[in-house]
Structures are given as C-alpha cells and as structure tokens.
Amino acid sequence: MSDEKKVGFVGMGEVESHKEIREIGVGMLGYAFMGKAHSNGYLKMPYFFYPPPAKPKLVAIAGRKSAAVAEAARRYGYQTHYTDWRDVVKDDRIQLVDNGLPNDLHREPSIAAAEAGKDIFCEKPMAMSSREAKEMYDAVTKARVKNMVAYNYRFIPAIMLARQLISEGYLGRILQYRAAYLQEWIMDPNFPLVWRLSKKIAGSGALGDLGSHSIDLGRYLVGDVAAVSAMKKTFIDERPLLGEPSKKGKVDVDDAFIALLKFKNGAIGSVEASRFCAGRKNFQRIEVHGTEGSMYFNLERLNELQVYSRRDKEDRMGFKDIMATEVVHPLMKFWWPHGHMIGWEDTHVNQIYHLVDCIANDKKVDPLGATFYDGWKCDEICEAISLSSETEKWVSLPL
Amino acid sequence: MSDEKKVGFVGMGEVESHKEIREIGVGMLGYAFMGKAHSNGYLKMPYFFYPPPAKPKLVAIAGRKSAAVAEAARRYGYQTHYTDWRDVVKDDRIQLVDNGLPNDLHREPSIAAAEAGKDIFCEKPMAMSSREAKEMYDAVTKARVKNMVAYNYRFIPAIMLARQLISEGYLGRILQYRAAYLQEWIMDPNFPLVWRLSKKIAGSGALGDLGSHSIDLGRYLVGDVAAVSAMKKTFIDERPLLGEPSKKGKVDVDDAFIALLKFKNGAIGSVEASRFCAGRKNFQRIEVHGTEGSMYFNLERLNELQVYSRRDKEDRMGFKDIMATEVVHPLMKFWWPHGHMIGWEDTHVNQIYHLVDCIANDKKVDPLGATFYDGWKCDEICEAISLSSETEKWVSLPL
Amino acid sequence: MSDEKKVGFVGMGEVESHKEIREIGVGMLGYAFMGKAHSNGYLKMPYFFYPPPAKPKLVAIAGRKSAAVAEAARRYGYQTHYTDWRDVVKDDRIQLVDNGLPNDLHREPSIAAAEAGKDIFCEKPMAMSSREAKEMYDAVTKARVKNMVAYNYRFIPAIMLARQLISEGYLGRILQYRAAYLQEWIMDPNFPLVWRLSKKIAGSGALGDLGSHSIDLGRYLVGDVAAVSAMKKTFIDERPLLGEPSKKGKVDVDDAFIALLKFKNGAIGSVEASRFCAGRKNFQRIEVHGTEGSMYFNLERLNELQVYSRRDKEDRMGFKDIMATEVVHPLMKFWWPHGHMIGWEDTHVNQIYHLVDCIANDKKVDPLGATFYDGWKCDEICEAISLSSETEKWVSLPL
Amino acid sequence: MSDEKKVGFVGMGEVESHKEIREIGVGMLGYAFMGKAHSNGYLKMPYFFYPPPAKPKLVAIAGRKSAAVAEAARRYGYQTHYTDWRDVVKDDRIQLVDNGLPNDLHREPSIAAAEAGKDIFCEKPMAMSSREAKEMYDAVTKARVKNMVAYNYRFIPAIMLARQLISEGYLGRILQYRAAYLQEWIMDPNFPLVWRLSKKIAGSGALGDLGSHSIDLGRYLVGDVAAVSAMKKTFIDERPLLGEPSKKGKVDVDDAFIALLKFKNGAIGSVEASRFCAGRKNFQRIEVHGTEGSMYFNLERLNELQVYSRRDKEDRMGFKDIMATEVVHPLMKFWWPHGHMIGWEDTHVNQIYHLVDCIANDKKVDPLGATFYDGWKCDEICEAISLSSETEKWVSLPL
C-alpha cells in the first residue's frame, strides 16, 4: 500500500480491472428506525467497500401501513413494497431477508424465510424468549442459510480492535467486565406508551433493547456467562397512550436493570442498562480488566478505544486513547483518512459488508458477526436476568 | 413534532403527499479524496434530507487519467466520464459544477462554468492568490450563478450551534479567538512529494489546506481580520518523487505556520496549522472567548461543543459538553436520534443539502455557507499570512 | 468579601484581633499510611483554617515497634511515643484519640478511649463486624464523647457541593447510584501478604478498605440501603509472606466485590471495588442519576464535579465540569485561588477541621461528617454484602 | 525498595539512625499569596522529604503593614516580624532570603541580600526589565550565593517527567512548542486596580505574571529563544481604585498577549497568556511536538502528562495519559501512593526541597531549578515580547 493511500488521500489510485459484480436481492421488513439504518447500510456499503463482494439490490420493503411503506420504498429506493411480510418471503427476487420488525415479529418471519431458503438478518434482541430463540436457531441450522443478528456494535472498528488485542493477549487473562448502557429518552412522564414499552411487543425494556448489546459484547470480548443475579426497575409504570394521550396504559417492561455476572472462564462482572440516566444519550461504557491491562470504550465517542498495558515501562504507563481510524485498524482502510471519524450509522455499513461478504463468498458469519446461535445465547442470558430479578435468586446458565 | 419523532425512533411516521422532486444535474471535477467525499454527499443527501429540495443527478465526472476516471464513474455512479473538464462545462445536462481539482485548477474551470451559466461549488482554498480569487468572485457575480466554497466545517451542527449561541450573545463581546489545525501525515521523511507539497499546484502547504479552514471559521464566528503577523516553516525540504522514490524533489510549501490576528472588531487571536504534530490526526481546536463566556471545539470529537457561561450561578459554573445531536440542534432533525453520532463525511452531506436548497429555492448561500466572496476574503488572509512570513512584518487587510 | 480576597490573591488583608486559640491534645494510634495522613492534617489545618477553632497539639503517638514509633514521633512532631495504645488512653494531656491502627484494633482502643471520656476519631471501616460496630457506637453514645469515622471523601469540596446540590433538588428524586472504587496495587502475584490481605486483621479486602468509602458516599448522597445481592472474588489466593518471601500464606479476603443495591427510598444501584483493575490507581467513580439530572465524580480528578441538568435550555444541555475551587464552594475559601487545585491529603485536612470545630464549639459531627452511627450502618451494609456473597442470596437490612 | 513501600502503604517501615538535621534560617519578604505559599512550603517540606537535607527555620517575615505582618508571623510561625525588608537582610540568623514582594521590589532586596552573603530565592518575574535582571544576576554571581527564581512549575512531577522523557529522546528533535496560560479573574469591569494591574509595580500584566511561567517552561523543555513577534491587548483600561471604588485609575499593563517564537534550535512555537478567558481558572496548556512524538500538559490537571510516541506499534498509537504519581516518577517517592494526587501548593514544596538540598549540600540549582541566569533570560524574552508589541516588529534575542 502506497504512503499516499495509507493516509487516505487517494481513493482511486489503482484501477482494478472491472469484473462484473454480483447482485443480492434484499427484502426489508420494517421501515422505521432500523429499516432506515439498514437500508442506508445496503446503499452505502458498495460505495465504500469497493469493489464490493456483491451489490445489495433493494427489491422490496414490507410494513403494515400501506401509505407509509410506499413512502419508505420511494425514499429508500426499494422497487416494491408489501403490507404483508409473507410477500417478501415469497418473492423470488429476494435472497436476503432483513427483519427489522418489532421483537414479537422476529420469530415467524425469520423461520419462514429460512424455510424458503433465504438468508436471514434479524434485529436484536433475536426473540421474545430463549425457547423462541432456540426454534429460530434450529430453523436456520436446518435450512443451512446464512444467518446474522444485528449486534452492530461488534463492527465498530474500535471494538474490533479491542477483540484483536484481547486475542493477542494484550490484557492477559480477563478478570473483570463492566458494562453500562445508559439513555434518557423516556424520562418525561408524558412520553407515550410506544411499542418498546410494551412487554407483548418488545418482550422486555432496557434489558432487551440496550442490555442485549452489552451482553453480546461481553460474550464477544470475554466469553460465555455461567450465572447471573439481577434486579429490574420500572420507574414510571403508567404512560399516555400513543395517539390517545388522555388515556393511560401500563408500562410492563423494565426501565432499568442491573446484573452481576459470573463468566465461565472465572471472570466476574456486571452489566446494566437504563433509560433514565439524564444526560446520557446513547452512552454505552465497556470496561475490561485483565491480568496485564485494561480497556475502556464509550459509544458516544465510538472512534476511540482506551487501553492500558502493565507491560509498558514503569514510568510511562497510562491509559492510551487510540483513535481507531488508521488504515491498519479493522475495516478502516475502506473509510476516510485517519482522524476523519466515522459515525454511528457506519457500524451498520460495516456489519452489512460482513454479511454480504459471507453470503457472496460463503464465509462463516461468526466469530466476527453474531449468528443466530449467538442471538440465542444472548437471549438466554437476558431471560436469566429477568428470571433472577423476579425470583431474587442467582440463575445458572444454560437455562 | 411528536415525542417519538423527537427521540428519533420513527422516521416514517407522517407520510407526506408525494410531490415530484426536481433533479439537478451535477458535474464533478476530480475523483480523489474530495471527489469521493462530495459524490457521497450527493448520494446520501436525499436519503436523509427527505423530501430533498431537489435531487442531485450524477451526470458526469472528469479527471485526467482515463482508466481511473472511468472506474470512479462506475464506483460513484456517474453516467458519463470525461478526461477534460471543459466537457463538463459544455454538458447541457449539468447545472452544478463541483470543482474538486487541485488548487491550480480552481480558477479556470470555475470561471468557465460561471460563464456557461452553471452554478459552481469549489473546493478550498478557492484560489492560488487573492488576485485569482477576486477574478473568480467577479465572474460568479457577473454571471449571477450560485456559488459556494467547500468550507464544510461551517456545517458541523456543533459549529452551527456555536454560531447561533454567539449571535444570541451567549459569549457577549468576542475578545479572543484561538485556532490550531494539526495533522501528522507527512512526518515520515520518506513520504513522497505529492501535489499538496508543491507550490505550483497547491499554492501553499498547511496554510491553504488546513489553515484556511480555521481562518474561515474565524471569519464565521468572530468577523473580519484587520492585520496579521506570521511565520511559516518547512521542516523537511526534500522528498522522494512520487512513483520515482530514488529521486528527490524540493518541498516549496509550508509544513506549518502560525499567525497572530487582529480582528476588525477589536478581538485578537491566533491561528496555526501543522502537518508535523505527532498524534494529531485531524485535530482542529477552536476556542472563542468573550466577555460573558467561552467555547471550545475539537474536530476529532465533532459532535461535541463545550461552552462556558459567566451567567451561570457562581457555584455551578463550568465548561458544559453539549452533544450537539438533539433534534433542536441545527440540521440534526434529519439525522439519527441523539447520541447516535454523525461522522466527518456528514459535514459534506449537510453542506450539499444547503447548496442544493439554495439552488432549488433560490436562497442566499451566505451567511451560513461560504460564498466566493468568503473564499476570496479567506484567500486574502492566507496571502497576508504568507506575505507577513516572508517580509517578517505585520500586514494589514485588505491587501 | 472583597474582590481581591475572592480571587484569593490576598490572604492576610484583614487582620483580626488576636484571641487566644485553645489547644486540643491529640493522641495518635498508628504511624503508617493513615498515621502520616492524619498527622499532616493536624499540622496543616491551623495554617489554612485560620484562626482555627482550636489548635491540635500533637501529644503522643503509639505503635508496636519501638524504634519506628520513636522515629515517627520525631518526624511528625509528637512530644511522646508509646508502644502500647493503652498509654495514650491514659494520658491526661490527650483529649482526642485518633485511631489509625489496623481494623482489628479499632474496637478495643476506641471503647477504652470513650470510657476514658476522650473524643474519638477512628479509621474506616470502623469495625470487624456489625456487632463490634454496634458496641463501639453504644460506647461513644453512652460516654457522650465526640466521635467520627474517617470517611474523608465526604470532605472533598466537589463531593460536598454534590451533596448541597442534591439537597437543593438539583437532581430531583434520586433514581440510581453507581459506584466503583478501582485500584491495581496487588496485581503482581509476588506482592506479599500484607495485613490488608488477612481476614484476621483487616476483616475483609477491597470491600472494607475501598467499598466502604463508596457505600458511605451512597448513604451520604442517596440514603439508607434496604437490601443487597453481591459477589466477592479472590483472584490470587496465595502470596509470599511479608519478610519471608520463600514461604506462602493464604489470602482469605476479597480482591474484588460487586453488589446490587436497593435503597430505602426506592433508588437502585450498584457498588463495587477491586484491587485488580490495571491502570486505575485510586479511581473512585461515583454516578448519581435523578429525575432532573445526573452527577459524575472521579477521585483521580477530585477537584472536579460533573453535573447535568434537564432544566437547562434544550439546545444547551450537557455535562458541566465544575472545578470546585471557587471561594463559594464548600471550605474552599480557606484554600488557594480558584484553579489552584488541592490534593488528596487535603481531604484529611478538611475533615480534621470539621472534627476540631465540632469539639471546640460543641457542634454536631453529622450529617457532614460520619459518626460512629454512620460507621456502624456502613459496616452493616458491608456485612450484608459479605453474607450475600457467601449465601448467594439477597440480604435485607438492618441485619 | 519493598513492594509495600512501592505502593506507598508504609511510610515508616525502615527506621534510619537519627542524625542531627541542620537548620537553615529563612527570612521571608511579603506575606500575601506567595508569602503564604512559600511559608507553607518551608513547613511542609521536612514532613514529606524526611529526613530533609536541612530544616528551614522560620526566623522573620517582613511586610509594610505592621499589624498584618504581625498576624502573618503568628499564623505562619515566624519568630520575628519586620516592617522593613532591610531588617531581614541584616538579621544574622537568616541564611536564606525569600523575596515574595511585588515585582518592583525584587531587585534591591535581592541584591542587598546577595551582598550580605545570603542565599536568595526570588519570585518571578525576576525583575522589571532585562537590565535590572542582569544587575541581579551579576550580584548573585559576584557574591557566589545560591540563587533561584520561583518558577515552581518546573517542579511539577509531570513536568519533570516531561523533561526526562525529552532528554531521553522520547520526542526526537523538537519541532514545535505551544503554550497558553489562561485565567479569568479580572473579567469583571468592577474588579479593582490591584498592584498586579499597575505597570509601576508589576512591570507588566499577564505577560510577566503568567506568560513568564510558560516562557520559562519553553526554555526548560525546548531551549533558548532566538526571536519573537508579539501583540499585547488591554481589554479594560480603567478600573476602580482599590479601597476607593468611586474613583478610577488607568490600567497600564496587558490583559493578554500572544507571541510567535523562533527557538535557537530551529523549533517554532507560540506562547500567550490572558486574564480574560472565561472558565479558565488556572489553565496552563503546554504542548510540545517532536519528530518522534508529542506531549500535552494542563495545569488544571497537574498530576497528568499526556504523551504520544510514533514508535508504538502502528495499530496502538495514541495519547497516553500518565498519572505521574508513581514512586518512580520524579520526587513522588516522597509523597502519597499512586493515584493519591498532589495539589498546586506541593509544587512549592518540591521546589523548596530542591533549594534547601542545593544549599545544604552545595549542589547546583540548575538545570532543574531556575537560577537568576534563567530569570534574566526569561525577562529578556518578556521584554522582547513587549518591545515587539510596541514596535510591531520581530525582535531578536539577546536584546
């Protein structure tokens, strides 16, 4: 790699002979937050990861509200829109089904897609229960389709670097893991009862929505969990109905939870999430301590990883703030010159690159990406946390 | 705006009746770093700023190397590619010419485009000299075409917020401005003699490339400059030729400069840039002090603005780290929920939105964007800095 | 207060008529880490808190090793030294007994001192068990002597400010508390089996040594604890004997612990401590979240308090870094001008000022300082944490 | 050094045979801010640096206001007080004269003390002009007395570490130096005309008071200055008289200055100071860039030094935040365990230790401490900055 390329000032220096790039038909379920984030990922990926392993073709998008999904199709660039997800599963042009529907609609479409031989990319948390998750895992295993769960924070270059360094032994043996995912968006008592606050649709609250990310990163960076002791809390248990603010409905999910963790490898730790931490917008703090060093990461400054090594010379040890934007950092050679930071959405672009690469070149999704196996194991831990909170007892895994 | 929209969890809640969206033909000159950043901006803008004021249509891209520009057209999605920029100017499908060529090729194509009645968006620094800049300014004024210079950091929401707060009097009367734009990419003596290190092509070194950004922000946040005293330094004056590393050529631009500033409104300050500051990747620190408060910004954490107000209660004053990602922050309603940070490339997306909005709805480019007038004034200051360095005297403005 | 005094540039501007300053005889038990820190506090206090409420007179110091305690007396400035703490209790010149002995020697001397009618200042954790602590509390209550436990972090001006702001309602109703006290000093497996690693002398490990501070701050800032679920861990369970490194002895205290907390007022939280967090030297992070705002404190930057208020204007909310060094901040008028930071040792000076003021002017030690009641309640929580770890069950308080 | 001592948990482990410690009689001129800071230094030093090279004996303090100086003597512990500094010079018990008087009273007492054969420790800036400074330097040279100027920031362990690392070549060849010393204490227009705002007494404003520190650190870390170009600014030129607020007097010193620097070794840089930077209490930022790395220091977090090395492995470079509180760090073995931060006042304690050690053991004050030679050279640079501001020309050194 030339020096110029290294610093990123030339993007087109070496012309490669143009080979035909294969297309992969994508069917998107859901058009809201994650629909928008994923669709953006499909569109952006081939621009940056060029030439791409395959080019996502936006075939169809599905959603229940006809006018809205039509608008979404127009906006995001899908050829077709459906109001029934089954139409996506049936559509022969589609090879990859991306399930961005609310949590109660992860199981059925994912299984149907697998049975139709389609590769499947599912939002997290994967299922409403570990039992459901197991069914989904069994379905994709049986169908031998590519499968990935959208734990996009695995694809933050700084986190990928963390994993690399841990693999190399930078931290020695891991002793402690500490994660807190903190937000504030529902602190206002007048904030309405959206689906994420309903157990029937979301399964859980902060636990599945935020905590699952931190739990997945714990499995990714440290390993499997053996047992948990946990507590949940709902700070506001009634809220105005969405679109009918004069009436109130019950909030039956957790606003916050905290869990003690025992890992199988002997490490200990804690994980928590809350939607009631004023000032924390999308703050996910990850700390890992080992016999030889420590690491610190904060999602609100996602281009940075702080590392500490006990192997440094004694008078010059300190937490080092690595800006993980060098060409030598994971996936960063596809992006901008160092110091030209990437944004939150780019974690999705990176993730979709990996998935498309796995599909196009028949590579394994894990351990880099989270498979349905990982989704299941993460759901087990969430369920154990929930169970522990309710029984006020330690709960061992697997359930 | 509904609460849900406020926190960004619904992107498609309200369907607007679909009106036809006008297209604007874009011709891009240059395909390297800025060609890539701008093309990405044209592609991304309508996705986020939806419905967009108009939709950029990527008509043609021009560059000298035939194979490379063909590849760029394929990659970025341009319909046509040319090896002569004059073909872009002649192309009737093109309404907006985007000049991302090296600095010595800003003047002629921009003037030609203006004379052809095309709107023109030019990379910074605008020209090789203030005289050239004046010619360009005269040309677009005469032709009455929209014109903008790519001082994209004006479109960082945190910087836009800074400007808003200053306008509201948050800082009181401005007393001091301090800017340092620091990089490290040419510290290796074996780094080759790229065009940015050649006076004939680049005009200057760190001064025009980096310093011009900080000078433009100084004009944007504080006002016009009255006089400068400056010094320049070239730390490594010979480098290997690009593609012929056994031979060396002369570096005839500045590796670093520092300038004292007197503003017309009485404020004082300094601005500097360097490509030899180890560890600073794309670090641009902006500090503004006024009679009532202070501000601090760092480009490597571009979602944040720190502000200090003397009007706070005495026991609770402090620098406040605003994460400028709320829906109420400039342009942020078009992006992700708060705390889901945007990246460096999005400053270009925001800038292109503004330009397209100005073109489509015949709005004024300034004071939000930098016009060719601003480009000229900024070039004057750069030239004064250069002159001051060479004469070792204070230089007053205008030249 | 004159402006000049306000900025601290005059310390001697107003001469007060010199009244005779009373002396208080101090007897110090122990001469090591805390002996040094407290003795320094007695010496420094009258210099800064001038005129002091009373002047501590260093009468006697006691320790088991004769030569060492003689040297300590010489160094710290005590008139007399003893090798038996009982001699301190008997010494009529002594009004205040300061117990800086290892934890197993807190109970007996403190009770004896109280019975001798002496005021008593005891290092933390106060006792080896909640039962012992209750005895000590009963003794001082019966004897009606002034009593304080050395939870010196209550006297950090930034923490005192935190408490003030919370009292004023700055955070609204408290929802969450999160504390982590992290050190690294015993990570080396060859680090010897010092008394702090022996249950017989120390009672517990990180829990009583570090965790007790964070638990006390939790009580100070949030309120009483209702129940805990906890885990402890000893990472290295054998270490070289001190002074006999070829032999090994058993480490029977915790190297780390983590506890979930339910507060009586409904808030939830966690507290943990570890001596195995590489890179964390004396890192104690305290986070408090309420319905109206949040706070953040880090002991390694003890002059600073970060606060976030939801009552700020929507476009300018952010964590504000208050440097708690203004004359209006608690106790800071006695120190240096703002920005001239105080050090760790000064938390002891502040604490001793408070104690001496309470003794000299017969004021109440609490709620600002921790009394033996607070020491007892804190020990109860520590014991509950220990019990919960061993039984793997939630434990309710009081025991 | 035993492990226990290493982590600082035992201060008295090894008893040294008690040798008689010599005393050095100190005479203090001035009792305000610096009088307080230095006297504290003399008192504290032997406690921490034990056994001390010699023990300062506080013999006499002098000041013009009789009642105030009497009170100061009582408070600080001086045996005698005088209202005429000449009495200090005459006092045979005094070996070391510490001149903390306003700047216009540095020359005469220092020269008189030198002529009386007394060692002399003088506050900064050393003199009212470079000519005066030269006279002072000549006097101490002729008298062969120990001499030091109170550039106490040289004795911050983090700064001492910076110097060590630079000496070892950590930064390679120094290319750039950037210093800004920012305060805010006179922003209020009603703040009175104190002596520090009067040219006749102070000589200059922010330049001599704050800038001289940053200039001295520049000489300490980088080397001699060859030429300067500078500007000064007075933002408020009339203020209420002290003690007579209805009348106003002229401010004839600089509120702020900024200077470009050319160092003799080819490095370039800038130094500035201001008393009008809202939110900056005692903020002194020092940045040094070399061919192999960079350093960053901020006085408001004085226990920390940030360093960046280009020699790190490419994927793990970053600014490392060294908490300079380890026993291996300069002078830190005399203080608390690591992470137990020292305060601003301790820079004076460290400095006094060095001076007393030089006196007691006849060591050289420089290069660690600033001698009258350094004081003179620093004053020359200040004068050159002043001259450059007035003439608007570059000024070369030596004058």
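All chains are identified by letter, namely A, B, C and D, in their written order; residue positions are counted from 1 within each chain.
Assume a residue touches a chain if its C-beta (ideal position, glycine included) is under 8 Å from a C-beta of that chain, and two chains touch if they have at least 3 such contacts.
Quick caveat, the model's predicted, so the values are computed rather than measured.
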Each chain counted as touching chain B and chain D at once: A, C
Chain at maximum distance from chain C, centres defined as averaged CA atoms: B
Geometric centre distance via CA averages, chain C-chain A, whole Å: 42
Whole-Å gap between the CA centroids of chain B and chain C: 53
Between chain A and chain B, centroid-to-centroid distance (C-alpha), Å: 33
Where chain C touches two or more other chains at once, by residue number: 280, 317-319, 323
Residues on chain C engaged by chain D in the complex (per definition of touch): 3-4, 7-13, 15-16, 18, 31-33, 35-37, 40, 43-44, 47, 50, 67-68, 70-72, 74-76, 183, 185, 188, 190-192, 194, 196, 242, 280-283, 299-303, 323, 325, 336-346
Residues of chain B touching chain C in the complex: 161, 164-165, 306-307, 312, 314-323, 326, 328-329
Touching residues (chain side chain B, partner chain D) in the complex: 171, 175-176, 178, 180, 187, 229-231, 233, 235, 256, 258, 260, 262, 268-270, 272, 274, 276-280, 289-294, 308-310, 317-319, 392-394
